[in-house]
């Protein structure tokens, strides 16, 4: 299946269809999700209106993790089969994932302040997200530090795979570190324990974030393909000018 | 209406959370579109030059 | 003697001789341990509570300090090509080099941890547990630092990059090593579990880090 | 076994067809075919930047060619010895320790170390740290490492560069003995190598046009 999308033409045809639908989908889902989250869904009997922060905090967390999983998988595909498109996907996923991780931390702090009276709480989930953000920054810093594109892609893919393998172990060790001291954190927002009136807006917002990430990744990948084609033309132009320069000298 | 904006007194937390989230998203979107426009114009310019030879 | 053993003894001699051997990381470790109380404050209870964490964290920083030198020189002086072409293969060479380096350069981590734990006000028992935990965690910490060093070999400001890459991957070992010391000091009886987790972390690093580092070095050879 | 050379290596047979190589996006070589059987020497020439070193790295297996194949048969147990611009010597290590290590690494018998050092005239430097050697001495030490490498294929990147006339002759004799023992040598060079009946491979543009015409 992977090699099917490997060649750029087939990917370009797919992207030309998916990208507008993804942008449109995100816009529609946000248009539905936002009023639902901010107005229609009821306040929480305990947290009152602050529960509304959940509708941006939780999707950010899910997308930050989903993006890193995508980064790890596309790195694996690039490392094993050397498909350039997989590397482009990784380069598109990393910055978006990092932004979602940062947003998750910020909205987490804004949510924690009124409830626990502290801007930052060393809660297991928030701390794991902080480490995930560090993994993103490490990946992007490594790729930025290497000039040669091929080497940057290979080194990046190795680091992303190492990160993905270690993520569960890191999550386990943070939970291990956390449960010894604090009672399970107050936010119970995973799965069915929350009321349908909140679960639906949360799902819509999560879908909106997912559509947004899809649109961003496909659009960035198409841009990277254009940049690569431009770079090839630019190199050809340089070689032509260099040849002309040396001819001038030879006469 | 103002009660809605007050967010039961937590306006200082709910609104910044949404504002920052959509600032981050807007940043990603604008950057993606701008970068795409730059790549397209650069490619068009190079292709024109290539064709002009 | 086998190729792997030859690699190990050579790298042991080189690690001991080159760059002042264990002096660099040990000095770095001691400096961190000496300055932390000046930052935290002289109160005995706070220091005792913070002791295991600060000591484990200083040990982690000590493993990062020489990581840049680990493969940077090999990439530059042509040794990398010879190890890649040797019968033992790059992954074995990386493993032998890191283990030799850990033995030759990081052996002071455990004794320093013991003395520092006493200095931070922990009893002899917990101090021993903490230094044992760091003894178990040190190979894992060093292997992860080596993996980051292989990825950043020869790059500008590699040291900064190594810290950023290695730190998240070293989180589990830090948690378990410090956790063992803290559990012993607080008498929660969980020190055994933490020690086993630290050992497991090092074993996992033993299995994975050399493969990752070898792949990174092979990419650099291209 | 002539003294000063380990010769129990597996014979290597090198064949390459339709090889294409590029570096940083720039195509260096296209449609290249060459072969080297036991006892032969292949001298690769061409201006700087024509891909000589990249080709050597492809033969050694460090680089995967963009197109075509390079086979060093039998792939499973043929050992390759490499001599790049950087000799792979550690400054803190003495010449003898370095050679002892490489002998052990490649599985050559320790008795060979003394004769090899004699042959490459580095015996008197045995206890010197490699960091204190001159360029010529370092190159001779690296060539001594090659003699100990028990490898069926030697890949040399401009081996004569820092050598004086006497050492070049010494290298010529070593290569002749190695080829007589069935070894294959692939080397890049600027100056003409006075190795008898070597096959040439010119990577310059003129030669490439001739090949593709």
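Every chain is named by a letter (A, B, C and D) in the order it is written, and numbering of its residues begins at 1.
In this section, contacts are C-beta pairs under 8 Å (C-beta built on N, C-alpha and C of every residue); 3 or more make two chains touch, one makes a residue touch a chain.
Computed from a predicted model, the values in this text were never measured in an experiment.
Distance from the centre of chain A peaks at D, each centre being the average of the chain's Cα atoms.
Two chain pairs are in question, C-D and A-D; the one with more C-beta pairs in contact is C-D. Separation between the centroids of chain C and chain D, computed from CA atoms only, is 38 Å.
Chain geometry summary: the mean Cα position of chain A and that of chain D are 47 Å apart. Averaging C-alpha coordinates per chain places the centre of chain A 15 Å away from that of chain B.
Chain A and chain C have CA centres that are 31 Å apart.
Not a single residue position of chain D touches two or more of the other chains. In chain C, the residues touching two or more other chains are 222. The residues of chain B never reach two or more other chains; the list is empty. Working note: touching chain pairs come out as A-B, A-C, A-D, C-D.
Residue ranges on chain C touching chain A, taken from their complex, read 147, 151-152, 155-158, 160-161, 164-165, 167-169, 171-172, 175-176, 179, 183, 188, 190, 197, 201, 204, 208, 212, 215-216, 219-220, 222.
Within the complex formed with chain A, the residues of chain B that make contact are 4, 7-8, 10, 13-14, 16-18, 20-21, 24-25, 27-29, 32-33, 35-36, 39-40, 42-43, 46-47, 49-50.
Put simply, chain C touches chain D in their complex at residues 1, 3, 5-7, 10, 13-14, 17-18, 73, 76-79, 81-82, 84-88, 218, 221-222.
Every residue of chain D that touches chain A in the complex is listed here, in rising order: 24-26. Here chain A touches chain B in the complex through residues 38-39, 43, 48-50, 52-53, 56-57, 60, 95-96, 99-100, 102-103, 106-107, 110-111, 113-114, 212, 216, 219-220, 222-223, 226-227, 229-230, 233-234, 236-237, going by the rule given at the top.
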